[in-house]
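What follows is a set of structures to go through.
The same subunit A turns up in both complexes below, where it pairs with subunit B and then with subunit C.
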Partner chain A sequence: MTRGIFTPSRGGWALIRSTWLSWMQYRSFFFILAFGWMIPPLIYLLVWSTAAGEGSISGMTRGAFVAYYLILILVNQITYAQTNWTVGDLIRYGQINKVLLRPIPPLYDALASEFAGKVVYLVFVVPILVILAFVLKPELDLTLLNALAFIPALIFAWALRFFWGYWLALLAFWATRADALLALQDSLVFLLAGQVAPIALLPGALKTLAVILPFRYMVAFPVEVITGQLTRPEMLTGFAIQVGWMVAAVILYALLWRYGLKRYSAVGG
Partner chain B sequence: MRPFRLIGSFMRASFQEDAAYRTNFFISLFTSLLNLLTGVLGILVLFGQIDSVHGWTLASTLAVLGVYLVVSAVRGLFISPSFDSLSGMDGEIWSGAFDFTILRPVNAQFFASFRKWRLFALLDLVLGVGVLVAAVIQLGVVLSVWQVLFFLFMLVVGMSILYAILLIFAALIFWSPGVLFTWVFDGLFQMARYPANIYPGWLRMVLTWIVPVGVITTFPARALTDSITPVELVVSMLLAAALLVVASILFRVGLRKYASASS
Partner chain C sequence: MENTIIRVMELTKTYRVPVRAEGLGASLKSLFKPTYSEVSAVQAISFEIPQGEMVGLIGPNGAGKTTTLKMLAGLLHPTSGQVSVAGYEPWQRQPQYLRRISMVMGNKSQMLWDIPPLDSFRVLGEIYSVPKKEFERNLEELVQLLEMKELLTKPVRNLSLGERMKCELTASLLHRPSVLFLDEPTLGLDVSMQLRLRRFLADYNRSSGTTVILTSHYMADVMALCPRVILIHHGKILHDGELGTLARRLMPFKILRITLKQESMAENELPELPDGVEVLEAESNNLNLRVPRDEAAAITAKLLETLNVADLTIEDPSIEAVIDQVYTDGGQ
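Take a look at the complex of A and B:
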């Protein structure tokens, strides 16, 4: 099974379109999923903004916490790696056969549900965020530089989380219960990707871990960039680490895909 | 004592099913520990920055988390597994297998609520009790027997409210096979990890009296520090009783509507 992984094709776009149409059929289901993903950051938004009250915690006022978490909810929805779970299931149940038979690289299948899903989620999440912004009154000092730097930070965050989730899911070629690892990954994202608290507020050791490990760069980093929490050198180091992890994730994905497929024989085949 | 004998045999049967998948035990243990760790660390990070929020300290917030873990464990022990086998596209009501359930010579609501047990959830129960004990030690109070009994009583009131809400959702399956209500509720229920008083005013009222997830965890934790007013006690008992009656009636009405799955 040798195939160019990244060759674009007309079939790829057709698949993306059809996946999107089929996802729109199940709107309400995905709205509920999006709602579920929104709740944890929303809890911490409320907890931290209440805790800050009229004063500030480590320099963050109530309004700054609101702005931080509202943007975090958006970034979390955009970068959320649903392939984490779906690709693993496809392999475990042998349904990936169908995907392998198509004359386009299987990566398109994941990309197709990625785009379809993201659009459906955003249709739900953006209006809610706008309403929340009116109610909770965020305070954001937006500079042009931060806004511009946010765009690549967000794209890299998405790519990092997508390929990171994909390589983890590919472990299903070797171990049938690899989903325990995914649960671990979710906990680490919760703790170290700026959800439970902005990274700057984490106690010493956790903060160091957060800066080194890839999870911050999947969610928190773009948010820190746009809310102006980072100095220029911190931003540059951040980008360097983010790109480094992204490249590592793509390499891991490519390697595991190649060796995994050789090992793979469909269930019941 | 027939109900207890029946529950015993439901537990045995469920345990025999689960014991066939032994690696699941370690995976359950692992996810329970992760769940505990993230919950406790979340609170430690918050109170590392601030001493108290609206009068809630590290110790009392930890008590709420302990109650949340205990309540979730009981839910995962039998309420959720039992109701889950009814709902969804592969559930009994949609597939028609519910015929065999109502044919049995026991009360349908009793059977539907107690028949499936997930004994791995006992791990969560142990961890939750551990967090509660740690919280009481942190609080630095010596509890009298009455306080412990009052706490347990509030816990039962909270559990009854949760059970009634879940039974209402289970009953709604007779009208539509969706499980969406439960998911929305689960989202809101996560908010019960923290004391209801930590949230802004309007949300606190919603979480206490409209979607009463706050009562389920915050009230028992407050019982430990003797801060429940008599009015709150009476109203929460009435709420639990009312919800139980409504849920039971709704289940019965739904049951009459059930017309099997034949075409």
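Take a look at the complex of A and C:
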């Protein structure tokens, strides 16, 4: 099943291109989606930067909050795996048959719409962020190390969020409304992945929970890395936990896909 | 059989369906202790199909046709039995196998809704890794056979149902599969479109040597295309062979159509008929009679003697009538 998943393939790229072409027809729909995802962090940006005023909260100034949230909006946009929502539908309505009949791994379809989606969203989100940056004046102390560490943190964050949502979505093989779990995941991401407040500002128990659970590593962690909120040891533990959860998510995905398919081909679609 | 491409032995599929009684109590109970009933969809069917043959899989709704087709295409895992298609066990879904088959489902599309067919075709060409030159050649051939050049650049959502089916067929044949599974390809199409698709399938089958298994509810499809039919009912094969033989086996009757010379028959004034003859219709000076197949000649001779016949024809019952009889009482 996993054979050749990560090797580049003609078919994979072609799928990405065509998905992208067909999605460009719905630009405005995706812009509205992207706009919707931007609003909650934008609200908290305004709340926290106003609260900080001329002083600072737990060491974060107004400008630091602005930088934190603007980057968070970008990271959230890049890591949001909207494909997960469609996997369940594919299974429920038997559309997955057409994917199963193709001689390439079904994961390609999901990756195709992931990459196609990212391009469409970012075309919309990046210009807005640039304008907001000019207006709101973020303060960012960027070091080379933090900038370099941000890149793997972001990639792992995407992979973790994608595969975590994917294995949840694959529960549709067993339960009809598995996408309720995706809604739950979104809520937990909202609470524990640095959207309501940066993790550093969360009260004790909640903070511990956020550090242990996978959700912080889907959004907040790369933002904390690039904004320099983490000490060297904190960053290293963060990477270890992030990679651990990512591996767990990939394993769960592979297992559920295997057993789910077995069940699907036993009961029929 | 030599050059057999599809071999099916004792293929059986039993679905496990959760049973839930009505009411809240029962649904709570089923949550903790689900009960299942076994529904047998296909029971120990066996057949072989040689390379290049076109076979019709017919039977009423729920007979097990689609289940059989899905097992052959590798979408379903059988409960027991063996299948070999082009040397592969379908449900292992090896990429090499998937590249050799194609499946068209009349009610499911593999076209992308929002982009022109040509773009979808190119993607499929890449997915099946068809070499560029070969792709262009196959595409041109199919476009010509299906007369669909002008459709290539229109978005799929703007196409009619028939035009979309042309696209589906092209999409499914671009990689030149050895075996093509067609599940209700003419569903919902108008008569002239059905005719054209039928002609295309016949031509393509002849020129390419692709083995085709087709299910259809339109007997005309099967009659026009498939020298051999496999009739499935309640998951069992009732007939495997020519359509004509099926009619003879299942309906041991002939239909006699007689036109009498006299102007008209008054009501209740039917002429005396020999034993074993059943009147299907009697109107004005026309008589439609059903007679036992092996007595047809003798009865015809007797009728020619006793009646003032202007015209007489002997026909086989229509295939629709045969099928209807099978579907309603299982061909008993």
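General remarks:
In this section, the second predicted complex is superposed on the first by the 256 of 269 C-alpha atoms of A that agree within 3 Å, B and C clash if a C-alpha of one lies under 4 Å from a C-alpha of the other, contacts with A are read in each partner's own complex, and residues count from 1 in each chain.
The rule is simple: contacts are C-beta pairs under 8 Å (C-beta built on N, C-alpha and C of every residue); 3 or more make two chains touch, one makes a residue touch a chain.
Given the structure is predicted, the values throughout are model-derived calculations rather than measurements.
By the touch criterion stated above, A:231 is placed in contact with neither subunit B nor subunit C. Contacts of A:262 after superposition: subunit C is touched, whereas subunit B is not reached. After overlaying the two complexes on the shared chain, residue contacts for A:13 are found with subunit C alone; subunit B is out of touch.
Of the two partner chains, subunit B is the only one touched by A:51; subunit C is not. When both complexes are overlaid on chain A, the residue A:35 reaches subunit B alone and has no touch with subunit C. Once the two complexes are overlaid on the shared chain, A:21 sits against subunit C while remaining clear of subunit B. In the superposition on chain A, A:104 makes contact with subunit C only, while subunit B stays out of contact range. By the touch criterion defined above, A:94 lies against subunit C but remains apart from subunit B after alignment on the C-alpha atoms of chain A. Note: no residue of subunit A belongs to the subunit B contact set and to the subunit C contact set alike, using the contact criterion stated above.
Those residues of subunit A lying in contact with subunit C across their complex are 10-11, 13-15, 17-19, 21-23, 25-26, 94-95, 97-98, 100-104, 262, 265-269. Those residues of subunit B that touch subunit A in the shared complex are 23, 27, 30-31, 34-35, 37-38, 41-42, 44-46, 48-50, 53-54, 180, 183-184, 186-188, 190-191, 193-194, 198-200, 203. Looking at the complex, you find that subunit A touches subunit B at residues 28-29, 32-33, 35-36, 38-40, 43-44, 46-48, 50-51, 57-58, 177, 180, 183-184, 187, 190-191, 196-197, 201-203, 206. Chain contact summary for the complex, subunit C toward subunit A: residues 15-16, 67, 70, 73-77, 91, 93, 95-96, 98-99, 101-103, 105, 108-110, 112-115, 119-120, 122-123, 125-129, 155.
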